[in-house]
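One chain, subunit A, links the two complexes that follow: it is found with subunit B in the first and with subunit C in the second.
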Partner chain A sequence: MAETLTRTGALDGWAARFAELPDSVALLAEPFHTMTSVRGETTLRPNTWVEEDGFDAVWLGPDEVLRTSPFRSAAELGGTDVSAQRTTIRLRGAHARDLLETGCAIDLHPRVFGAGSAAVTLLGQANVILLCLGENDYRILVRSSFAAYLAEWLLDAATEYRG
Partner chain B sequence: MTRVDGYGRVDRTRTLRFTFDGVSYTGHPGDTLASALLAHGVRTIARSVKQDRPRGVTAVWSEDPTGLVQVEEPFPEPMLLATTIELVDGLVASSIGGRGRLAEVPDTARYDRRYAHCETLVVGAGPAGLLAARTAARRGDRVVLVDDRPAAGGSLTGTERICGRDALDFVADTLAELRAHPDVRILLRTTAFGHYDDGFVLALERRTDHLAPAPQGLSRQRVWRIRAGHVVVATGAHERPIVVADNDRPGIMLAASARDLLHRYGVLAGRRVVVFTSDDAAYDAAADLAGAGAEVTLLDPRPVRGDSRSGDYRRSRGLVLGTGAGPDGAISHVFTDQGELPCDLLLLSGGWNPTSHLFSHVRGALRYDAELGAFRPGEALAGVTVVGAANGTFDLAGCLAEGRGETPEPLPRTNLVLWRTDGDPARQYVDLQRDSTVADIARATGAGLRSVEHVKRYTTIGTAHDQGKTSGVLASAITAELLGVPIESLGTTTFRPPYTPIAFAALAGRERGQLFDPVRTTALHAWHVARGAVFEDVGQWKRARYYPLPGEAGGTEDMDTAVLRECAAVRRDVGILDGSTLGKIEVRGPDAGAFLDMIYTNLMSSLRPGRVRYGVMCGLDGMVIDDGTVLRLDDEGFLVYTTTGGAAPILDHMEEWLQTEWPHLRVTLTSVTEQWATFPVVGPRSRDVVGALAPHVDVSAAAFPFMTWQDTEVDGVPVRLARISFSGELAWEVSVDGWHAPALWRRLIALGEPYGITPYGTETMHVLRAEKGYPIIGQDTDGTVSPQDLGMSWAVSTKKVDFIGKRSFARAENRNPLRKQLVGLLPLDPTVKLPEGSQIIEQTAELPPPPVPMLGHVTSSYRSAALGRTFALALVKGGHARIGERLTVPVGGDLVPVEVTGSVLVDPEGTRRDG
Partner chain C sequence: MQLIECPYCGPREEVEFHYGGQAGVAYPADPAALTDEEWGRFVFVRANPKGRFEERWSHAAGCRRWFTAVRDTATYRFSR
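Right, the complex of A and B next:
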């Protein structure tokens, strides 16, 4: 065979357009994060995520936790492998929250949605899992089939902040 | 020029040029189109819609019923109020006769949306609103303060004093304090136009129209979606005219509007002014206009009072009864109860109506205040506070107190409630924009209408751009007068959003063009594009419909040619389809089998690991809602395939039953639709291709039977092979995680090359499945079709105690042999392709007169490469019993004879399945 089975990220090919954005609304595709859905009761607080031993755990429901890791395998994380179900986009910069507020109905004020917050919500018309990593620093998990739409939406939303 | 030195806040050091009705004028930053025209003495700026009467500016802001114009430049827009158009250099506008004209060029401006959350939203930056915002900000609230005008201060003219200071200095200082709070957002040029439950307010911000040229990147207008813990309505009040005969002429306006023109824009709207008022506020206008050099006569029906504001104007007790016009149609004199008075400006003031729209939008009840002659907010609403003039508190001290959250002592009322004077009702205009008069209201009540809502619709009063801001209460009052009932028994018409007209473009925001609706793509989308696929929309998905090859004449194949080629290739050699959009749900837990037994009509718990079963799901009504295959993964795990469209609704359906009816079942549901890409590899040579892909797997019919699956690895990547066929051919569905999907697909294409592998699209898939009579849920079914109707009684368990839909199968109607049933149709002329949706009637040579009994309709129709002819699937009344009969399908003017057949047209014996 000419090629081995290589991986393709849902946002491969977008890096050049992301790179044109100013630092105030920086976008970065983070492909190939392992994700698993772990079912059963959880001690996580609703609408939060925490760093655990080698992975992040995101509360998705009273009996549903999403584990994510950029380097561990699905077998190591346990649960149902849903790694390719979603892809990850990092959004940060001075206008990151401003940009999200053009298309996300939930209250993103740091007092309400600070570091460690998580929400399943709509961004534009795409269902996303939104994680706050810190002030104006977010991770967006989006269904792979919606990734191109969301990337286009984010680039368009950034229009106001381009120089 | 009517511009007066020493007045106004426009920047007279700079000059702007604009054109109105082809004539060039100048104005200044801070002007509106209306103020700039009035500064040039242009009083007539529109013609009325029905009666073609000249009209001018009647009020100075969004309540103006008359001054609608067409803007041509910078962007063509119809029916904007001249009073709300901020003047910019190069503005081109023209008068209209009540109807504007939509732009014929696309609107390339940007519109967007923004969400905001706050503890306190204050609507209105007048004195009451400013203090309410300051109070909330000092408390530590997140505050949003919106005001629809370009500057804060509300109705303050600059002549007032607040806390010992010039009122406008107080406004500036308060704004500065608010701006210093990090969590206070001040939005000027922003109209709160709708108020909904739970503190949700929509507001439109006009961001660039006042800037010429508009800056790049900024949206022209923005819809703010504000969620507030508390909404403070500080929206002021609208002055109310007194209705007199011929009260619609240019040169007749509200008293406070003339005063605002003077103080805000430095425009003296008339030199010989008559003020007709039954309220004290208009005395300020009389005094100020007189102070600016006008000759002012004030007529008041009330006895002379000693404490009215004095000034250099003449006052007498009297009534204005009508007006007269000069040659230009504008006012030239008034008729009073004491004779004629020449004038070029008549100011009318019958009191004030609190602007309580935002209180009413959330069903706040208004109550009639007989002293005020106005409706004001009644019983308080949770989460809403109305302060200042919007609350019927019209004095400055009272407004400031309410803004601070205090309850001021009400001042004694001195006004007289006067709706109209004596005169010809047919000349007494109530709604000037609609040319509706007192006579029109009399006609409505004469026709027996009693409700103001009915009178509104009969007369159209209050239905124009201004939604009756100045005419609504008058219409209620005059209706009450004509009916001889108290106005409070009638109330007002309902205030509904939007408060001012909002452009559809603003509501659409960025959801236009490619962002109108999300486009969902599979992991292989780039490959499909590169291969020249023609796509079809399946829900939000873009699916490859067919892959046209270059045609003989240099073009590309049409769909019919391409699909016939793809169909033939699949049944002759091997084809490959991107089936990744199929919904996939992992059902897991000790009770997973029991759960699926309830969800499907057939038995699933008996399926053994490694096996696959086809299943049908019904709703409670026993009608088919979805179908697909189920893989048993292990003792506690199943993988359910749904249709593409069913992926989300079927997951919801399952969750609903699980969570609400069967919470005792130990089952979890996980969507893995996009985790797995699935490629059917279909056709007689598929065994060669799959065998080459997975050399360690024995793909013989004996070792890998139909409806079984096996896991393997390709280059160390887990790959699942399942012998499932949606075409009747030997076939494998090859599944891999989405990351490896493009590479595995390319591998299969390369391995298949020696066997002539042909990528095929959804159209070919549809033809191949229809040839086998496999229905597409949602195409061959419409929510009224049971499994039995589809000929699938074999998929309905008779042994299971219960499952969703079972009860309905026992209904008499479900057993009716005349139900519509799925059959095949073969047009007698094998070249005729029936349009899908065609109606089916009894065999006839001539169309009988209507009503023609309909037997059913064509659900799927194709050309078949395998059959060498056209064929169709159809739902036909009693169809199963009609097999062999001939029926007629009217198509356009033709009557197409067809033969009813069974639904399986290709390989009914199933000999091709195992290769």
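Right, the complex of A and C next:
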């Protein structure tokens, strides 16, 4: 009998709890993103990410870039496939930045951390890659084994914005 | 709590960093030629000044790079 393997994400099953949140702190477990690690010199500026041809490139260090794409394969992206390492959460809404600021020490004000900014830092107790996509619009890349903790933390931090 | 300046990422919260001990401790050119006592000194014995101290730090929760920083052991202030 043929078995069908189904791709699952670390935050499958959280949609119902995320859906209870108001639009001001909307959480979404994003679909699978292919991620590859590319080592070597980069022209990316520190603490930034940019959209390139079919993928996003995130500065992780002076000689390390993470490429992510929801629709390209690892082979297409190039580099070492590290897709299984992290899962992706989207946080947006009028209070998105307020919520992050309760657990993140870096300055998230748009004049410092606006669209195109990226940081590898701590959110709560979890190590995350934080990307700013626009005003009050963030993508959080978190290690799969920390995803449930971080989801729980985000839901707890969002309590004050519930109606 | 204070900010430590990562040479790659800029100033970040102290909790993101990991301490790596005295900087500039050279690996012996010919380790096999060392006596046990000399090897013990290389592995375990470090300077312990009161004041300016060159140290290795790792930005463990950030870019994960090692760098050398100068810290005053009496005041805990970093200088560059």
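Heads up, the rule we're going with is that the second predicted complex is superposed on the first by the 159 of 163 C-alpha atoms of A that agree within 3 Å, B and C clash if a C-alpha of one lies under 4 Å from a C-alpha of the other, contacts with A are read in each partner's own complex, and residues count from 1 in each chain.
Just so we're on the same page, a residue touches a chain if its C-beta (ideal position, glycine included) is under 8 Å from a C-beta of that chain, and two chains touch if they have at least 3 such contacts.
All figures in this text were calculated on a predicted structure; none of them were measured in a lab.
Visitor: With the two structures laid over each other on chain A, which partner does A:A119 touch: subunit B (first), subunit C (second), both, or neither?
Guide: The answer is second: A:A119 touches subunit C but not subunit B.
Visitor: Please work out whether A:A16 is in contact with subunit B alone, subunit C alone, both, or neither, and reply first, second, both or neither.
Guide: neither
Visitor: Of the partners subunit B and subunit C, which touch A:P46 in the superposed model: first, second, both, neither?
Guide: Touch partner of A:P46: subunit C, not subunit B.
Visitor: Once the two complexes are aligned on chain A, which partner has more residues of subunit A within touching range, subunit B or subunit C?
Guide: Of subunit B and subunit C, B contacts more residues of subunit A.
Visitor: Under the stated touch criterion, which partner chain does A:T159 make contact with: subunit B (first), subunit C (second), both, or neither?
Guide: A:T159: touches subunit B, not subunit C.
Visitor: A:S83 in the overlay: touching subunit B, subunit C, both, or neither? Say first, second, both or neither.
Guide: In the superposed model, A:S83 contacts subunit B only, not subunit C.
Visitor: In the overlay, answer first, second, both or neither for which of subunit B and subunit C A:T8 touches.
Guide: Touch partner of A:T8: subunit B, not subunit C.
Visitor: Now for A:A105: first (subunit B), second (subunit C), both, or neither, which partner does it touch?
Guide: A:A105: touches subunit B and subunit C.
Visitor: Which subunit A residues lie in the overlap of the subunit B contact set and the subunit C contact set?
Guide: Correct list for subunit A: 64, 105-106.
Visitor: In their complex, what parts of subunit A are in touch with subunit B?
Guide: Residue list for subunit A touching subunit B: 1-10, 13, 31-32, 37, 39, 63-64, 80-86, 101-109, 112, 124-126, 143-146, 148-150, 152-153, 156-157, 159-162.
Visitor: Using the touch definition from the top, list the residues of subunit A that touch subunit C in their complex.
Guide: Spelled out, the residues of subunit A in touch with subunit C are 46-47, 60-62, 64, 105-106, 119-122, 127.
Visitor: Would you tell me which residues of subunit C are touching subunit A in their complex?
Guide: Residue list for subunit C touching subunit A: 8-10, 12-13, 15-16, 61-65.
Visitor: Quick check: in the complex, which residue numbers of subunit B touch subunit A?
Guide: Subunit B residues touching subunit A: 110, 112-117, 142, 183, 217-219, 225, 227, 510-511, 514-515, 517-523, 525-526, 541, 581, 586, 588, 668, 670-677, 714-717, 737-744, 746-747, 750.
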